[in-house]
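Chain IDs A, B, C, D, E and F follow the sequence of writing; residue 1 opens each chain.
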Amino acid sequence: MKQRRIHMPYVTVQMLEGRTEEQRKALIEKVTDAVVETTGATREKVVVFIEDIDKRNYGVGGKRLID
Amino acid sequence: MKQRRIHMPYVTVQMLEGRTEEQRKALIEKVTDAVVETTGATREKVVVFIEDIDKRNYGVGGKRLID
Amino acid sequence: MKQRRIHMPYVTVQMLEGRTEEQRKALIEKVTDAVVETTGATREKVVVFIEDIDKRNYGVGGKRLID
Amino acid sequence: MKQRRIHMPYVTVQMLEGRTEEQRKALIEKVTDAVVETTGATREKVVVFIEDIDKRNYGVGGKRLID
Amino acid sequence: MKQRRIHMPYVTVQMLEGRTEEQRKALIEKVTDAVVETTGATREKVVVFIEDIDKRNYGVGGKRLID
Amino acid sequence: MKQRRIHMPYVTVQMLEGRTEEQRKALIEKVTDAVVETTGATREKVVVFIEDIDKRNYGVGGKRLID
(Lines give C-alpha, C1' and ligand atoms only; values in the text may rest on other atoms or scores of the structure.)
Protein backbone atom coordinates (compact mmCIF):
# COMPACT_ATOMS: atom_id res chain seq x y z
CA MET A 1 0.00 0.00 0.00
CA LYS A 2 1.33 3.39 -0.97
CA GLN A 3 1.42 5.83 1.86
CA ARG A 4 1.60 9.59 1.57
CA ARG A 5 2.40 11.71 4.57
CA ILE A 6 -0.39 14.10 5.57
CA HIS A 7 1.12 17.30 6.87
CA MET A 8 -1.35 19.26 8.85
CA PRO A 9 -2.51 21.17 10.85
CA TYR A 10 -0.79 24.43 9.98
CA VAL A 11 -0.94 27.05 12.71
CA THR A 12 -0.16 30.74 12.19
CA VAL A 13 0.23 33.03 15.19
CA GLN A 14 0.19 36.77 14.49
CA MET A 15 1.69 38.72 17.39
CA LEU A 16 2.98 42.23 17.97
CA GLU A 17 6.76 42.33 17.56
CA GLY A 18 8.97 42.22 20.63
CA ARG A 19 8.65 38.63 21.86
CA THR A 20 11.86 37.01 23.10
CA GLU A 21 13.48 33.93 21.67
CA GLU A 22 12.40 31.97 24.71
CA GLN A 23 8.79 33.04 24.19
CA ARG A 24 8.88 32.05 20.52
CA LYS A 25 10.37 28.66 21.30
CA ALA A 26 7.91 27.95 24.10
CA LEU A 27 4.96 29.21 22.05
CA ILE A 28 5.71 26.81 19.21
CA GLU A 29 6.17 23.89 21.60
CA LYS A 30 3.06 24.46 23.67
CA VAL A 31 0.75 25.29 20.76
CA THR A 32 1.90 22.07 19.12
CA ASP A 33 1.10 20.19 22.33
CA ALA A 34 -2.39 21.69 22.33
CA VAL A 35 -3.04 20.75 18.72
CA VAL A 36 -1.84 17.19 19.20
CA GLU A 37 -3.89 16.74 22.37
CA THR A 38 -7.14 18.02 20.91
CA THR A 39 -7.07 16.84 17.30
CA GLY A 40 -5.15 13.60 17.46
CA ALA A 41 -2.65 14.83 14.88
CA THR A 42 0.73 13.16 14.86
CA ARG A 43 3.13 15.54 16.58
CA GLU A 44 5.66 15.62 13.76
CA LYS A 45 2.89 16.73 11.36
CA VAL A 46 2.08 19.95 13.17
CA VAL A 47 3.57 23.11 11.64
CA VAL A 48 3.61 26.47 13.45
CA PHE A 49 4.44 29.86 11.93
CA ILE A 50 4.83 33.08 13.91
CA GLU A 51 4.21 36.39 12.16
CA ASP A 52 5.59 39.47 13.91
CA ILE A 53 3.35 42.49 13.49
CA ASP A 54 4.98 45.90 13.31
CA LYS A 55 3.32 48.38 15.67
CA ARG A 56 3.09 50.84 12.77
CA ASN A 57 0.93 48.37 10.87
CA TYR A 58 -1.77 47.45 13.34
CA GLY A 59 -4.83 49.30 14.53
CA VAL A 60 -7.88 48.59 16.69
CA GLY A 61 -10.91 50.82 16.56
CA GLY A 62 -9.33 52.87 13.79
CA LYS A 63 -6.25 53.84 15.77
CA ARG A 64 -2.73 52.49 16.00
CA LEU A 65 -1.17 51.90 19.39
CA ILE A 66 1.60 54.35 18.54
CA ASP A 67 -0.63 57.31 17.62
CA MET B 1 -5.67 58.41 30.76
CA LYS B 2 -7.35 56.93 27.77
CA GLN B 3 -6.81 53.23 27.39
CA ARG B 4 -7.09 51.25 24.21
CA ARG B 5 -7.49 47.50 24.31
CA ILE B 6 -4.72 45.57 22.51
CA HIS B 7 -6.23 42.54 20.85
CA MET B 8 -3.66 40.00 19.97
CA PRO B 9 -2.39 37.36 19.34
CA TYR B 10 -4.49 36.07 16.47
CA VAL B 11 -4.15 32.37 15.80
CA THR B 12 -5.28 30.61 12.62
CA VAL B 13 -5.40 26.83 12.47
CA GLN B 14 -5.76 25.26 9.02
CA MET B 15 -6.97 21.66 9.28
CA LEU B 16 -8.42 19.10 6.92
CA GLU B 17 -12.20 19.09 7.17
CA GLY B 18 -13.92 16.48 9.30
CA ARG B 19 -13.13 17.52 12.85
CA THR B 20 -15.96 17.18 15.35
CA GLU B 21 -17.55 19.98 17.32
CA GLU B 22 -15.87 18.70 20.46
CA GLN B 23 -12.48 18.78 18.75
CA ARG B 24 -13.05 22.35 17.53
CA LYS B 25 -14.14 23.52 20.96
CA ALA B 26 -11.23 21.83 22.72
CA LEU B 27 -8.72 23.03 20.12
CA ILE B 28 -9.70 26.67 20.62
CA GLU B 29 -9.58 26.32 24.39
CA LYS B 30 -6.25 24.56 24.61
CA VAL B 31 -4.47 26.63 21.98
CA THR B 32 -5.59 29.73 23.87
CA ASP B 33 -4.17 28.24 27.08
CA ALA B 34 -0.85 27.64 25.32
CA VAL B 35 -0.66 31.18 23.99
CA VAL B 36 -1.51 32.73 27.35
CA GLU B 37 1.03 30.55 29.17
CA THR B 38 3.91 31.28 26.82
CA THR B 39 3.40 34.90 25.79
CA GLY B 40 1.78 36.45 28.82
CA ALA B 41 -1.16 37.68 26.75
CA THR B 42 -4.37 38.37 28.62
CA ARG B 43 -6.67 35.42 27.99
CA GLU B 44 -9.58 37.50 26.72
CA LYS B 45 -7.30 39.05 24.08
CA VAL B 46 -6.49 35.79 22.33
CA VAL B 47 -8.43 35.13 19.12
CA VAL B 48 -8.49 31.73 17.38
CA PHE B 49 -9.78 30.97 13.89
CA ILE B 50 -10.13 27.49 12.42
CA GLU B 51 -10.06 27.07 8.64
CA ASP B 52 -11.38 23.78 7.30
CA ILE B 53 -9.47 22.59 4.26
CA ASP B 54 -11.37 20.66 1.61
CA LYS B 55 -9.60 17.43 0.66
CA ARG B 56 -9.99 18.41 -2.99
CA ASN B 57 -7.95 21.55 -2.35
CA TYR B 58 -4.85 20.25 -0.65
CA GLY B 59 -1.78 18.46 -1.94
CA VAL B 60 1.59 17.34 -0.62
CA GLY B 61 4.41 16.42 -2.98
CA GLY B 62 2.26 17.39 -5.95
CA LYS B 63 -0.57 14.96 -5.18
CA ARG B 64 -3.89 15.27 -3.43
CA LEU B 65 -4.88 12.73 -0.82
CA ILE B 66 -7.94 11.81 -2.88
CA ASP B 67 -6.11 11.05 -6.13
CA MET C 1 8.34 51.79 -23.04
CA LYS C 2 6.67 48.66 -21.84
CA GLN C 3 4.31 49.23 -19.00
CA ARG C 4 3.22 46.65 -16.50
CA ARG C 5 0.12 47.18 -14.43
CA ILE C 6 0.72 47.22 -10.66
CA HIS C 7 -2.20 45.55 -8.96
CA MET C 8 -2.36 46.42 -5.35
CA PRO C 9 -3.44 46.89 -2.61
CA TYR C 10 -5.13 43.62 -1.79
CA VAL C 11 -7.60 43.80 1.08
CA THR C 12 -9.01 40.80 2.93
CA VAL C 13 -11.93 41.24 5.32
CA GLN C 14 -12.65 38.34 7.67
CA MET C 15 -16.18 38.57 9.07
CA LEU C 16 -18.56 36.27 10.88
CA GLU C 17 -20.97 34.71 8.42
CA GLY C 18 -24.45 36.18 8.00
CA ARG C 19 -23.85 39.44 6.18
CA THR C 20 -26.37 40.33 3.50
CA GLU C 21 -25.63 40.83 -0.17
CA GLU C 22 -26.17 44.56 0.25
CA GLN C 23 -23.65 44.65 3.09
CA ARG C 24 -21.07 42.75 1.06
CA LYS C 25 -21.52 45.00 -1.94
CA ALA C 26 -21.33 48.19 0.13
CA LEU C 27 -18.36 46.91 2.13
CA ILE C 28 -16.32 46.29 -1.00
CA GLU C 29 -17.24 49.69 -2.44
CA LYS C 30 -16.54 51.73 0.67
CA VAL C 31 -13.35 49.94 1.66
CA THR C 32 -12.08 50.55 -1.86
CA ASP C 33 -12.94 54.24 -1.50
CA ALA C 34 -10.98 54.38 1.76
CA VAL C 35 -7.93 52.74 0.24
CA VAL C 36 -7.94 55.00 -2.80
CA GLU C 37 -8.37 58.13 -0.68
CA THR C 38 -5.56 57.33 1.74
CA THR C 39 -2.93 55.61 -0.40
CA GLY C 40 -3.35 57.20 -3.79
CA ALA C 41 -3.86 53.84 -5.45
CA THR C 42 -5.70 53.82 -8.74
CA ARG C 43 -9.25 52.67 -8.03
CA GLU C 44 -9.23 49.85 -10.57
CA LYS C 45 -6.12 48.40 -8.92
CA VAL C 46 -7.74 47.79 -5.54
CA VAL C 47 -8.83 44.21 -4.88
CA VAL C 48 -11.09 43.24 -1.97
CA PHE C 49 -11.79 39.72 -0.68
CA ILE C 50 -14.36 38.85 1.98
CA GLU C 51 -13.88 35.69 4.02
CA ASP C 52 -16.94 34.44 5.89
CA ILE C 53 -16.06 32.90 9.23
CA ASP C 54 -18.19 30.03 10.47
CA LYS C 55 -19.34 30.57 14.06
CA ARG C 56 -18.13 27.06 14.87
CA ASN C 57 -14.61 28.06 13.88
CA TYR C 58 -13.99 31.22 15.86
CA GLY C 59 -13.20 31.83 19.49
CA VAL C 60 -12.19 34.74 21.71
CA GLY C 61 -10.66 34.17 25.12
CA GLY C 62 -10.68 30.42 24.53
CA LYS C 63 -14.44 30.14 23.94
CA ARG C 64 -16.62 30.06 20.86
CA LEU C 65 -19.68 32.28 20.67
CA ILE C 66 -21.87 29.21 20.29
CA ASP C 67 -20.67 27.38 23.41
CA MET D 1 -25.51 37.50 32.28
CA LYS D 2 -21.96 36.91 31.19
CA GLN D 3 -21.00 38.81 28.09
CA ARG D 4 -18.19 37.95 25.71
CA ARG D 5 -16.79 40.57 23.41
CA ILE D 6 -17.03 39.73 19.70
CA HIS D 7 -13.95 41.05 17.95
CA MET D 8 -14.43 41.24 14.27
CA PRO D 9 -14.09 42.12 11.44
CA TYR D 10 -10.39 41.64 10.84
CA VAL D 11 -9.03 43.50 7.85
CA THR D 12 -5.64 42.82 6.26
CA VAL D 13 -4.25 45.23 3.67
CA GLN D 14 -1.31 43.99 1.61
CA MET D 15 0.54 46.91 -0.01
CA LEU D 16 3.88 47.43 -1.68
CA GLU D 17 6.38 48.84 0.80
CA GLY D 18 7.09 52.56 0.84
CA ARG D 19 3.92 54.06 2.33
CA THR D 20 4.44 56.92 4.80
CA GLU D 21 3.40 56.93 8.42
CA GLU D 22 0.65 59.38 7.59
CA GLN D 23 -0.67 57.06 4.89
CA ARG D 24 -0.65 54.10 7.25
CA LYS D 25 -2.44 56.02 9.97
CA ALA D 26 -5.05 57.39 7.59
CA LEU D 27 -5.55 54.02 5.90
CA ILE D 28 -6.34 52.31 9.19
CA GLU D 29 -8.72 55.08 10.21
CA LYS D 30 -10.64 55.31 6.96
CA VAL D 31 -10.88 51.57 6.33
CA THR D 32 -12.27 51.21 9.84
CA ASP D 33 -14.83 53.93 9.06
CA ALA D 34 -15.86 52.05 5.93
CA VAL D 35 -16.28 48.76 7.76
CA VAL D 36 -18.32 50.33 10.55
CA GLU D 37 -20.56 52.17 8.09
CA THR D 38 -21.32 49.16 5.93
CA THR D 39 -21.47 46.26 8.36
CA GLY D 40 -22.75 47.83 11.55
CA ALA D 41 -19.76 46.57 13.51
CA THR D 42 -18.90 48.44 16.69
CA ARG D 43 -15.94 50.67 15.90
CA GLU D 44 -13.76 49.39 18.72
CA LYS D 45 -14.19 45.84 17.41
CA VAL D 46 -12.60 46.50 14.03
CA VAL D 47 -8.99 45.36 13.67
CA VAL D 48 -6.78 46.39 10.74
CA PHE D 49 -3.40 44.91 9.81
CA ILE D 50 -1.11 46.28 7.11
CA GLU D 51 1.36 43.94 5.43
CA ASP D 52 4.21 45.60 3.54
CA ILE D 53 5.17 43.68 0.43
CA ASP D 54 8.81 43.73 -0.61
CA LYS D 55 9.22 44.60 -4.30
CA ARG D 56 11.50 41.57 -4.65
CA ASN D 57 8.65 39.32 -3.57
CA TYR D 58 5.79 40.33 -5.84
CA GLY D 59 5.06 39.62 -9.47
CA VAL D 60 2.22 40.18 -11.92
CA GLY D 61 2.04 38.25 -15.17
CA GLY D 62 5.11 36.26 -14.19
CA LYS D 63 7.39 39.27 -13.79
CA ARG D 64 8.50 41.35 -10.85
CA LEU D 65 8.37 45.12 -11.06
CA ILE D 66 12.12 45.29 -10.48
CA ASP D 67 13.13 42.96 -13.32
CA MET E 1 22.60 12.83 14.25
CA LYS E 2 19.04 13.82 14.84
CA GLN E 3 17.25 14.87 11.72
CA ARG E 4 14.13 16.96 11.53
CA ARG E 5 12.10 17.17 8.37
CA ILE E 6 11.82 20.71 6.94
CA HIS E 7 8.41 21.13 5.38
CA MET E 8 8.31 24.04 3.06
CA PRO E 9 7.46 25.83 0.83
CA TYR E 10 3.76 26.29 1.44
CA VAL E 11 1.80 27.56 -1.54
CA THR E 12 -1.71 29.00 -1.38
CA VAL E 13 -3.67 29.63 -4.57
CA GLN E 14 -6.77 31.79 -4.28
CA MET E 15 -9.07 31.30 -7.28
CA LEU E 16 -12.64 32.11 -8.14
CA GLU E 17 -14.85 29.09 -7.54
CA GLY E 18 -15.83 26.87 -10.46
CA ARG E 19 -12.62 25.05 -11.32
CA THR E 20 -12.99 21.38 -12.20
CA GLU E 21 -11.43 18.47 -10.37
CA GLU E 22 -9.03 17.97 -13.24
CA GLN E 23 -7.93 21.59 -13.04
CA ARG E 24 -7.37 21.36 -9.29
CA LYS E 25 -5.36 18.19 -9.62
CA ALA E 26 -3.23 19.55 -12.46
CA LEU E 27 -2.74 22.89 -10.72
CA ILE E 28 -1.33 21.24 -7.60
CA GLU E 29 0.94 19.00 -9.65
CA LYS E 30 2.33 21.68 -11.94
CA VAL E 31 2.76 24.35 -9.27
CA THR E 32 4.70 21.79 -7.25
CA ASP E 33 6.89 21.09 -10.27
CA ALA E 34 7.58 24.81 -10.63
CA VAL E 35 8.53 25.21 -6.98
CA VAL E 36 10.83 22.20 -7.02
CA GLU E 37 12.52 23.33 -10.23
CA THR E 38 13.20 26.88 -9.08
CA THR E 39 13.93 26.53 -5.37
CA GLY E 40 15.53 23.13 -5.09
CA ALA E 41 12.99 22.01 -2.51
CA THR E 42 12.49 18.30 -2.14
CA ARG E 43 9.27 17.45 -3.96
CA GLU E 44 7.63 15.70 -1.03
CA LYS E 45 8.14 18.82 1.07
CA VAL E 46 6.02 21.09 -1.10
CA VAL E 47 2.50 21.76 0.17
CA VAL E 48 -0.21 23.38 -1.97
CA PHE E 49 -3.56 24.73 -0.78
CA ILE E 50 -6.33 25.98 -3.05
CA GLU E 51 -8.84 28.48 -1.70
CA ASP E 52 -12.04 28.86 -3.68
CA ILE E 53 -13.31 32.42 -3.70
CA ASP E 54 -17.05 32.96 -3.79
CA LYS E 55 -18.08 35.43 -6.50
CA ARG E 56 -20.13 37.27 -3.89
CA ASN E 57 -16.99 37.91 -1.86
CA TYR E 58 -14.60 39.40 -4.38
CA GLY E 59 -14.35 42.83 -5.93
CA VAL E 60 -11.95 44.75 -8.16
CA GLY E 61 -12.12 48.51 -8.42
CA GLY E 62 -14.86 48.61 -5.80
CA LYS E 63 -17.28 46.37 -7.69
CA ARG E 64 -18.09 42.69 -7.59
CA LEU E 65 -18.26 40.72 -10.81
CA ILE E 66 -21.89 39.87 -10.08
CA ASP E 67 -23.14 43.44 -9.60
CA MET F 1 -20.27 46.54 -23.20
CA LYS F 2 -18.49 47.49 -20.03
CA GLN F 3 -15.60 45.24 -19.25
CA ARG F 4 -13.97 44.78 -15.88
CA ARG F 5 -10.64 43.05 -15.58
CA ILE F 6 -10.72 39.91 -13.44
CA HIS F 7 -7.47 39.65 -11.55
CA MET F 8 -6.91 36.20 -10.27
CA PRO F 9 -5.52 33.75 -9.30
CA TYR F 10 -3.48 35.08 -6.43
CA VAL F 11 -0.64 32.82 -5.35
CA THR F 12 1.27 33.13 -2.08
CA VAL F 13 4.45 31.15 -1.53
CA GLN F 14 5.75 30.94 2.02
CA MET F 15 9.43 29.94 2.10
CA LEU F 16 12.23 29.97 4.62
CA GLU F 17 14.39 33.08 4.16
CA GLY F 18 17.62 32.86 2.22
CA ARG F 19 16.50 32.41 -1.37
CA THR F 20 18.51 34.31 -3.97
CA GLU F 21 17.18 36.96 -6.31
CA GLU F 22 17.47 34.54 -9.20
CA GLN F 23 15.41 31.96 -7.32
CA ARG F 24 12.71 34.51 -6.52
CA LYS F 25 12.54 35.69 -10.09
CA ALA F 26 12.42 32.17 -11.51
CA LEU F 27 9.89 31.03 -8.91
CA ILE F 28 7.45 33.79 -9.84
CA GLU F 29 7.88 33.10 -13.55
CA LYS F 30 7.49 29.33 -13.40
CA VAL F 31 4.63 29.30 -10.89
CA THR F 32 2.82 31.73 -13.16
CA ASP F 33 3.42 29.41 -16.12
CA ALA F 34 1.97 26.51 -14.12
CA VAL F 35 -1.14 28.45 -13.17
CA VAL F 36 -1.76 29.64 -16.71
CA GLU F 37 -1.27 26.15 -18.15
CA THR F 38 -3.61 24.40 -15.74
CA THR F 39 -6.38 26.94 -15.12
CA GLY F 40 -6.59 28.82 -18.38
CA ALA F 41 -6.07 32.13 -16.63
CA THR F 42 -4.75 34.99 -18.72
CA ARG F 43 -1.07 35.33 -17.90
CA GLU F 44 -1.23 39.00 -17.03
CA LYS F 45 -3.93 38.25 -14.46
CA VAL F 46 -1.80 35.98 -12.32
CA VAL F 47 -0.34 37.55 -9.17
CA VAL F 48 2.39 35.90 -7.10
CA PHE F 49 3.55 36.92 -3.62
CA ILE F 50 6.54 35.44 -1.80
CA GLU F 51 6.63 35.54 1.98
CA ASP F 52 10.02 34.96 3.59
CA ILE F 53 9.78 33.04 6.83
CA ASP F 54 12.29 33.84 9.56
CA LYS F 55 13.92 30.69 10.94
CA ARG F 56 13.12 31.93 14.44
CA ASN F 57 9.42 31.90 13.59
CA TYR F 58 8.86 28.43 12.20
CA GLY F 59 8.58 25.05 13.85
CA VAL F 60 7.69 21.50 12.84
CA GLY F 61 6.76 18.92 15.44
CA GLY F 62 6.97 21.54 18.16
CA LYS F 63 10.61 22.46 17.50
CA ARG F 64 12.29 25.19 15.54
CA LEU F 65 15.12 24.33 13.17
CA ILE F 66 17.46 26.56 15.13
CA ASP F 67 16.89 24.96 18.54
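By our rule, a contact is a pair of C-beta atoms (placed from the backbone, for glycine too) under 8 Å apart; a residue touches a chain by one contact, two chains touch by 3 or more.
What you see is a predicted model; the values in this text were computed from it and never measured.
Counted by residue number, the contact pairs of C-E are over half the same as those of A-F, the matching pair from A-B, E-F or A-F. Residues touching across the subunit B and subunit C pair largely diverge in numbering: under half of the numbers involved belong to both copies.
Here the CA centre of subunit B is 21 Å from the CA centre of subunit D.
In whole angstrom, the spacing between the mean C-alpha positions of subunit C and subunit D is 8.
The multi-chain contact residues of subunit A, meaning those touching 2 or more other chains, are 5, 7, 10, 14, 29, 33, 44, 47, 53, 58, 60-61, 63. Interface residues of subunit E, counted against subunit B in their complex, comprise 21, 24-25, 28-29, 32-33, 43-52. Contact residues of subunit A toward subunit D in the complex are 14, 53-54, 56-64, 67. Across the interface of their complex, subunit D is touched by residues 4-16, 19, 23, 26-27, 29-31, 33-35, 37-40, 53, 58, 60-61, 63, 65 of subunit C.
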